[in-house]
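In the two assemblies presented below, chain A is common to both, partnered first by chain B and then by chain C.
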Partner chain A sequence: MLKKKWQKFFISVISITFLFGLPSAFAEDKINIGSLNDMTGATSDVGKDYALGISEAIHYVNDMGGINGKKIKLYQFDYGYRIPEALTKYKLFTRLGCKAILGWGTGDTEALSPTITRDKIPYISASYSGHLTNPDKTPYNIFSGTDYSSNARATLTAWFDTKWKNHPDFGKRKPKLICSYMTSHPYCSAPIKAIKDQAKILGFEVGNDQDVSLFAIDTKSQILAMKKFKPDVVWHGNTTMSVAATLKDAYAMKLGATHLINVWGYDKNLIKLAGKAADGAMGATVCAFVGEDVPLMDKVVEYAKKYNPSIPIEDRLIRTVQAWGNVMVLWEAMKRADKAGDLSGESIRQNGFETMANFDVGLGIAPVTYSASDHRPGKIVTVYEINDGKFNLIDKVNLGQRWADKWNSWLGW
Partner chain B sequence: MSTTFLPCGIYHQEYAKEHAWWQTPFIKGKMILLLIVLFFIIPFFADSYELSLCNQIGYTILGAIGVQLLIGFCGQITLGHAAFLAVGAYTSTLLILEFPWPAFMIDWGLAYPASIIIAAFMAGIWSVIFGLPSARVKGFYLILTTMAAQFIIVDFIITQYVSQIGGRGQAFSIPPETIKIGPVAIDSDLKVYFMILFFVIICVVVLANLIRSKVGRAWIAIRDNDISADVMGINVIKYKLMAFFVAGCIGGIAGSCWISNIAAISPEHFPWSWSLWLVGVVLIGGVGSIHGTIFGSIFMVLVMEGLQLLVIPLVDIYPKLLMDFLFIKEAAFGLAICIFMIFEPYGLSYRWWQLKNYFNLWPFSY
Partner chain C sequence: MYKKNKILALTAIIFAAFFITSCVATDVKINIAPTQENFQAPVVSLDYVDVAHYWGWWYFSKKVKPTMGTQGDYGAPLDLAFIFNIENPNPYPVKMDSIKFTIGFEDFDLNTVENKEIQWIPAEKTNQVRVHAMFDGRQSLLSLLVTGGFKLKEKGLGTGAGAALKQLGQWWETIPGFEFPIHVKQGAAVFSTEEGIIKVTAFEKTFP
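Moving on, here comes the complex of A and B:
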């Protein structure tokens, strides 16, 4: 009796699945795109908002007519920042015939890089690792924001220009930098070589790195170690949760340094979590914050309200805008490739991305340029500072102009 | 007496025959068919996604078989096996990338095979080190000491020191065509499939042979009652450590094989949850059964992926379903363990045994 009941249950479930699934099998021609997101793993504190942004942006693209009339079908998976899972999901995307993939972290993006190069599938990642910007090595890796290494260099430079020059010790001693990040994590450690190089250029003294886990809730031992070095600036390479924990401990233990924070640790949640401890913290952002008065932001807000009304717009993070930025550049590249008559991965790259010169994405993103020899989207990095719980733009560092002789050699750092 | 099928009732008259693997021509036929499927049908009909699933199954088998040896055959509960996989993977990667091999080793594609052997040995040694407490503690206390392997090896040694070698500071990039066996570069899912299949067969054969030898009987005696085993003259500590060594070696091989599937390695590849996952594989497959390990691995990989494929047609109607799938997957993993513990405590291998018996006696089965 019980067995029959179970049989009936399973047959019903499978029937319903296929009944509802059937229309999609006969649906109009759609262009498949895959998206790997982290909603449950190590970087989920910033990944959830990004994932929502991807899905909302794709809705917008479809409402705007898709790729020259062809709609996009999005296959979006949460892989929990588990790299083996990412590899299988990638294979599934290829099986589903995805034309491009909107990826997530540095770990999986770097691990998949040779495979996507072989398969010629554009991979637009949320990882802005500088290692992915050299087309000779990673021709199919693209992203819309300035890379981590440029961001780190620019933030340090902005602090040097705006803060150190007014410091009483300026000219008397070298400024001191220390880096606080999860040493084993590819995202956290990606710009370390660059920021240390920049520190050397600007004449910094660099202390020993402090290993802070992405899951850290107590960083007092690291702060104690930092206090011995007495840094003027601390570079935080982690995501928001652990950066907030570090800032709070630094504030409580009176470290007295300015905090410079990487892209994925610098958002509204930092202010909420760290409170006063976040005051004065500087960071590079790759786009505008949600609600800022920039082109296309009205659509970001409209679609966030429409598709995820349960999340108040004031709780949405810059991650949503970053996701939109990546979708917008992919959309433009696919439209260009389609117009050229070939929507293959190679064409999306060559006829799409690599034809973009000063393309204005909107969303507060600096105009992007990709070429066959350089996939860094831009040379200008915007640097913000938190004052009284608000983000204020303090500097725009044009790395390409200021270090014109070095800019090309920094490719792929 | 039939030579094709075993007669009903009396089965064997000699010990050797009882322990023979392929006892009748019918079983030989089945196994040959299985080999044909594994070596000819799957590789040439499966697409890249299906092959990657097969590779994941193979990797899971290699990881879980060591856990099976410790838990299922020697009674030593372990929750730190991912650390030994990490030792294997990092040893192999370091040897390939950093070790100054003589030119002929690289030219003849011997560096990677040699690194697998060394990695297996290294992982075995590390496993023995963390198996040492088993001489004094068992049960929950042993679980805690094996968990220490994860924190000490992966979170401390590999993260803080090994990952820094070569100045990369984060992940060891393995350039394409670095991993070669002889003249063949392991650069496709198909080649990885054959390599993992080879090692799965080797490890299963070695372990199955060990289990039916004096060593295996000693392990089983320790599992069933270590005090009795001691009284019978079995050197309990020696055999326990031997079990840790063999399990570690197989884990090392698994780690070495894994690097051929990826282009960069970082400590994130070996989270503690993977050790737990491997124990889940053993529990679902059947404790104390080698083929249970294989069934458990197939079940854990294919059922989870199957569930996912089932929800894909619903994407148009419920776009968030795919995103929420990982939650379902995690819940399904926990639920599967609970269901198996309650309704099928001997795992899938017991179900397989029942199925075989049904057909052995068919049409007069009861």
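Moving on, here comes the complex of A and C:
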């Protein structure tokens, strides 16, 4: 009799444990992801908006069920664009067992590239350097936007196709290109070889590079040098403030060229800082601007308003959308790897990213394809132009189709 | 005897009724289920700012050889602590998942910090949270140079690294007395209930 009572007691205890214990055990089934951002350093003007976008996109992913039912726990840190801190935080991410890292700029991405390759941890960066797209060299570096080199080639091509033909000198002489950027900076110099190669293909004459510091707010001496060459187009490889300074000086000194601008110098702040001088400036973007009518943008806006209500949506930059793009491709890769039964870094790469063929991210991002031999996400680049203070989509350049014979040889530079 | 029993019974009933009522009342208070409608966003208010650790102002460029360690560009760090009151007006506990805000010295946004250590705030109680913000002299210099060049010029401080260092020196040297406005802006604190209902509180304040 007494034995039966004890049996009953134990069965009850076990039942209660199962009833209350198991669900909480499931609730703890989370996947850790690290995020390195710059919210205080040299790139904080764009880095903060990107960091907010990362956090908001992860909220969305979790609301949509996470990785096949498992929620993501985001460990997001500001490293102030300081490499020693990025390396220190990377060690924390590995201790936390992070499955992937959402990185930031050229500095941290390049500094960590050998380490993530050794540790087989996917690193999804906002540095779109073409140097990171060859899996033979950097197999765990990934991003969702078209690379800087493709962007530079496409922007120059779009100008050639849409503007040069209407120029009074068309057919009489070669168009002229000059590059304005901080020559010692890896981000600024990343696509220079590619744009000069494209200039050669299209028959441009190329002038001497103008070294413009990222800190510059007075670029008159560089504009004077440019005027001697009389360029038709100027490629700007810097970030927003110094690009705005160059545009203002070029406008004041009547340079008369069209400005082509790389991704991190081309956003709403450029229009705010440069005003009229920004009119006509062209740039390749890797996604749509905030509020554009493209799939998933409604969620970008909804989550921005929900989680950061004190920042007006009008003040949010394209950087938010770029962050969403990277989170969306990582989410898809992790879902695929998890379905394959292996959520290791190697599997996220091979069973996830490298199985994506024309994957539609939405957000105005061209369909994304990664393979084991090519991590360039796309061949189609969207090119915008600023008219009356607004961004207008003017062209979609399909580099892979137009230069099918050269496309493979452009990998990794 | 019979009457005495009756009084005792009546007293017992009254006590029992009082006991049951108070239990029910307590129960009701505890058992109000959080809903999207009844979940009031907790109130976040900046109580004060504290210079948590202070090293004064200095800056060494990489041209200066250090006594020990690596040669490089180094600026004085500054550790500020922001103390917030987090008031939960709800009759049930609420979890604070994160608190995030940007810090501006005058018109220059220098830092954005986020604290993701969760804490539970009991029903109708106020918690305090201390959020540290580390300002590195070198990092702040680069931030000012790359993003604040036009503003420095407008302020009449000139251009380039000299102007930015001058501005940083002024802030670092006068902050013990809080002689310039420190803006807490674009603040957002995320709260949730045990059931996963979420509310976000926006906040901002200028100190002092």
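Here, the second predicted complex is superposed on the first by the 386 of 413 C-alpha atoms of A that agree within 3 Å, B and C clash if a C-alpha of one lies under 4 Å from a C-alpha of the other, contacts with A are read in each partner's own complex, and residues count from 1 in each chain.
Following the convention adopted for this analysis, contacts are C-beta pairs under 8 Å (C-beta built on N, C-alpha and C of every residue); 3 or more make two chains touch, one makes a residue touch a chain.
Just so we're clear, the structure is a prediction, and the values are computed from it rather than from any experiment.
Asker: Aligned on chain A, chain B and chain C: do they clash or fit?
Answerer: clash
Asker: Is A:Ile217 in contact with chain B, with chain C, with both, or with neither (first, second, both, neither)?
Answerer: After superposition on chain A, A:Ile217 lies in contact with chain C alone.
Asker: For A:Thr43, select first, second, both or neither according to whether it touches chain B, chain C, the two together, or no partner.
Answerer: Once the two structures are laid over each other on A, A:Thr43 reaches chain C alone.
Asker: Pick one for A:Thr88: touches chain B only (first), chain C only (second), both, or neither.
Answerer: In the superposition, A:Thr88 touches chain B alone.
Asker: Of the two partner chains, chain B (first) and chain C (second), which one does A:Thr355 touch, if any: first, second, both, or neither?
Answerer: A:Thr355: touches no partner chain.
Asker: Counting only touches as set out at the top, which of chain B and chain C does A:Ser310 meet: first, second, both, neither?
Answerer: second
Asker: A:Leu273 in the overlay: touching chain B, chain C, both, or neither? Say first, second, both or neither.
Answerer: In the superposition, A:Leu273 touches chain C alone.
Asker: By residue count, is chain A touched more by chain B or by chain C?
Answerer: Looking at chain B versus chain C, the one contacting more residues of chain A is B.
Asker: Applying the document's definition of touch, where does A:Ala245 land relative to chain B and chain C: first, second, both, or neither?
Answerer: A:Ala245 contacts chain C only, not chain B.
Asker: Between chain B and chain C, whom does A:Asn398 touch in the aligned arrangement: first, second, both, or neither?
Answerer: A:Asn398 contacts neither chain B nor chain C.
Asker: Touching A:Pro186 in the superposition: chain B (first), chain C (second), both, neither?
Answerer: In the superposed model, A:Pro186 contacts chain B only, not chain C.
Asker: I need the one stretch of chain C that runs into chain B once the two models are overlaid. Options are 63-71, 153-161 or 171-179.
Answerer: Clashes with chain B appear only in stretch 63-71.
Asker: Considering each complex separately, which residues of chain A are in contact with chain B in the first and with chain C in the second?
Answerer: The answer is residues 39-40, 42, 51, 76, 78, 80-82 of chain A.
Asker: Looking at the complex, which residues from chain C come into contact with chain A?
Answerer: 102, 109-114, 116, 135-136, 139-140, 142-143, 145-147, 149-150, 153, 159-161, 185-188, 190, 198, 200, 202-204
Asker: Touching residues of chain A toward chain B in the complex: what are they?
Answerer: 14, 17-18, 20-25, 27, 37, 39-40, 42, 51, 55, 73-84, 87-88, 91-92, 94-96, 107, 110-115, 118, 183-186, 188-190, 192-193, 211
Asker: Chain A touches which residues of chain B in the complex?
Answerer: For chain B paired with chain A, touching residues are 47-49, 52-53, 56, 59, 158-160, 163-164, 169-171, 173, 175-176, 189, 261-269, 271, 305, 308, 310-317, 319-320, 322-327, 330.
Asker: Using the touch definition up top, name the residues of chain A that touch chain C in the complex.
Answerer: Listed in rising order, the residues of chain A that touch chain C are 39-45, 48, 51, 76, 78, 80-82, 214-218, 239, 241-242, 244-245, 273, 306-311.
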